[in-house]
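Report on the structure given below.
Chain nomenclature is as follows: A, B and C, assigned in order of appearance, with residue numbering initiated at 1 for each chain independently.
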Amino acid sequence: MAVSSSRSAVRRSPAPTYAHYRQYKQQRVRRNLVVWAVVFGAVTWAVWSSGFGLLTLFNGLSESYSFIVTDALPPKLESVPDYLGPTLETLYMSVVGLVISVVISVPIGILGARNTTVHRVVSYLAKSIAGIARAAPSLVITVFFVAVFGVGPLAGTLALGLGGVGILGKVYADAIEEIDAAQIEGVRSTGASWLQILGQGVWPQFKPAFMTWTQYRFERNVRGGAVIGLVGGGGLGFSLISAINLYQFRDAMTIILMIFVMVMVIELATRALRRRAI
Amino acid sequence: MASELNTRALQQVTSESTTPALLSVRNLNKTYPDGTQALHDVSLDIPSGQLVAVIGLSGAGKSTFMRCVNRLVEPTSGQIVFDGQDVTRARRGDLRRIRRQMGMIFQQFNLVQRLPVVTNVLHGRLGYTSAVRGCLGRFPQHEVEQALEMLAQVGLADQAFKRCSELSGGQMQRVGIARAMMQGAALILADEPIASLDVSSSEKVMTILKEVATAQRITTIVNLHQVDFAQQFADRVIGLRDGSVFCDMPTDGLTEDLIRDLYYGHVPQQDEED
Amino acid sequence: MVQTSTPAEVGGIPTDPQATRRRVTHRILWGLAAAFVVLSVFQLGITPQRFTDALPRASFVWDRMWPPAIDDGGALSTAVVESLQIAIVGTAFGILLSIPLALIAARNVTPFAPLSLAMKGFAAFVRAVPALIWAFLFIMAVGLGPTAGILALAVNSTGMLVKVYAEALEEIPMGPIEALQASGASRSHIAFQGILPSVVRLFIAWSVFRLDINVRYSTILGVVGAGGIGWELTRAASLSRYDVALGITVVIFILVMATEAVSQWLRRRVDDDTAFRVEE
């Protein structure tokens, strides 16, 4: 140790000694201690003040299990045809909501991306719009649309559409910003206009990300569309809340299973289509 | 030649000879479950202090041979004696004790990327550490100091508290060497240590390995596929072809003809295993 | 649209029959998609008239929305606290349930291979049912209130966490394990020094990410009666107090953004240890 510390005066950076090692270890421990203190503090506070413990968890799960087995099973398969209409309605909502999101998000993406925007301020504004839309859960948006358009699928569709702008606007802008600048330079050097640059230089590179994220959002819409009816947005969610209000738990279970099947089928179908179409 | 010795002769060598072989391999065979015969009757003697290069095409059995020595790969038959201990018959506890006397260096460095450099070097002492201390990563002061000294020897003193993921490939391999040296091993097994490195890093790594072998008299076996590096650094070259010892000689005995034979002297198999 | 020309195209005219066929299916699919959009618009009854009819209603709502207001500060803060409790407890129990299940689900750790597949299927099912539907299920079983919300988030988190934890386990780098084995380390050494450091970071990252998601959910669970601030929101809306509804929405915004900031701080703190420098 003595040797290495006397030698260190000559070196550019001092040779680390055991003291440094201890210091390093202690620093790590201190750092982690703060994090774990925060985490454990928060969890103990929440568990203690909510009175929700392991016992509540297992009681709740076993109660739910016996409830499902006795009151909600077997699902009423004979009422499946009654809910095909709402299922389709959910799909319609997802599709139209997606179109609305894309139509709004593409300009937001183009104007938000630093490399294709018309002005820095415009880019900032476009990104802020997406940021606000992202922070608002779509169910909250639905509450306001229901207030304006009344209960029904229109409110739900618009809420899905607006909710999608938050995500799609951001990822479109990000994807466009990652585009290879040299290829745009190439198109620009031919004297192309702004629109021509977008069409010939930007779109071909943007297309894969665009397809992936749009597909992702469609899958999210199908899930969201099933839920949004719970607050009056139409579709399967609305049938579900009606069934529950009438204590028709086996109908409710049927609807829940139909939501599950619909989500799975849509995911498989979009994946198959994507392989084929692109 | 060494391969002509039988088992009894070996025992005489290890017990009576003035310079006993540190590692003796007799009739080593390895057949994988899929039927590939990776090693075919390999017999070798490696005395203390040699830097031995094992060369040959990929798929010739170099890597399998090395992993049989510390039984990361279970040999099918044959005998390996290391420093008077029968490796092939060792049980779990004994095997751990044997393994800690053999340091190993890997093509992909095999460091724990998330941990700091110095901890990775200290991992070389895990074979000597109790369960609790090892699990918690608590190493005694003299081992920490030794680890820092090892890092200084491979020129990485100032990187000690960086995460391994922040190092370059050449630096990572030097950490790997420091970890192997940390074991205080009598034998170092280096499996393609420079195959993932550029030329200048390769030379640095090989120079360090050479220094370790000569200055500290640690026997070193290096798998290489670059013959030029073998010729530049090794005392002795063993050529493996199709799982058998094709040639075994001091480095200056290696001729162009031999090399051509070793690498191109057979019809290449279409479905050669990796 | 831009088509990149392939060698099979001569002057933009495709000569390869396979490419032609692909192009035709391409067009048919896009045509069908467009037709489905039009059909959807009709089926949903979306007409310009609906929008013009809603204009007076919209201006009514808009007028009552401003300025945003807090009606009952005490009740609202209680609701905010309840939302946070639901999110934290739901996440904590979700993690607690997920770790043992992920050990079963990971291909390389599972004690019994068919069990791994079954566990992954179970997780996929839990994920496919939206969190709010879970909340409903638990409300039906245990009644209205935060308990249903916590159960819903714990279970829904399990669906995601089991999957990502198992994937993290399956991607454990084998190299360091081999190296520690070769140096004579024992099994427990390898588990703690070789495996844990690589896995822990991913576990933490995903858990914190899930906390973000759960805070979002906890703000809307109340909409269906599973406790938290969402309940205040629906109540305000049903009383046509749109100024209060907007005020609550702003509070939800702040809550979501604040947790994101906190979780980012946590993640950086755990992740970053480059700050140490050797000084005399």
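Definition applied: contacts are C-beta pairs under 8 Å (C-beta built on N, C-alpha and C of every residue); 3 or more make two chains touch, one makes a residue touch a chain.
From a predicted model like this one, the values you see are computed outputs, not experimental measurements.
Going by the touch rule set out above, what shape does the chain contact graph take here: line, ring, star, complete or other?
Looks like everything touches everything, fully connected.
Quick one: which pair of chains has the most contacts?
A-C
Using C-alpha centroids, which chain lies at the maximum separation from chain C?
B
When the centre of a chain is set as the mean of its C-alpha atoms, what distance in Å lies between chain B and chain C?
48
Taking each chain's centre as its mean C-alpha position, how far apart are chain A and chain C in Å?
The computed centroid separation for chain A versus chain C comes out at 6 Å.
Could you list which residues of chain C touch at least two other chains?
273, 276, 278
Could you pull out the residues of chain A that touch at least 2 other chains?
13, 16, 20, 24
By residue number and range, which residues of chain B touch two or more other chains?
As it turns out, chain B has residues touching two or more other chains at 116, 158, 160-161.
Write out the stretch or stretches of chain B touching chain A in their complex.
116, 118, 141, 144-145, 148-149, 152, 157-158, 160-161
Would you tell me which residues of chain C are touching chain B in their complex?
Against chain B, chain C makes touches at 173, 175-176, 178-186, 188-189, 191-194, 197-198, 200-201, 273-274, 276, 278.
Which residues, counting only chain C, touch chain A once they are in their complex?
1-2, 4, 25-26, 29-30, 36-37, 39-41, 43-46, 50, 54, 57-58, 61, 81-82, 84-86, 88-89, 92-93, 125, 128-130, 132-133, 136-138, 140-142, 146-148, 150-151, 154-155, 216, 219-220, 223-224, 230, 233-234, 237, 240, 242, 245, 249, 252-253, 256-257, 266, 269-270, 273, 275-276, 278-280
Touching chain C in the complex: which residues of chain B?
Checking each residue of chain B against chain C gives 70, 72, 96-100, 102-104, 106, 108-116, 119, 123-124, 126-129, 131, 134-137, 158, 160-163, 166, 176, 179-180, 183, 189.
Can you tell me which positions in chain A touch chain B when the two form their complex?
It is residues 1, 4, 12-13, 15-18, 20-21, 24 of chain A that touch chain B.
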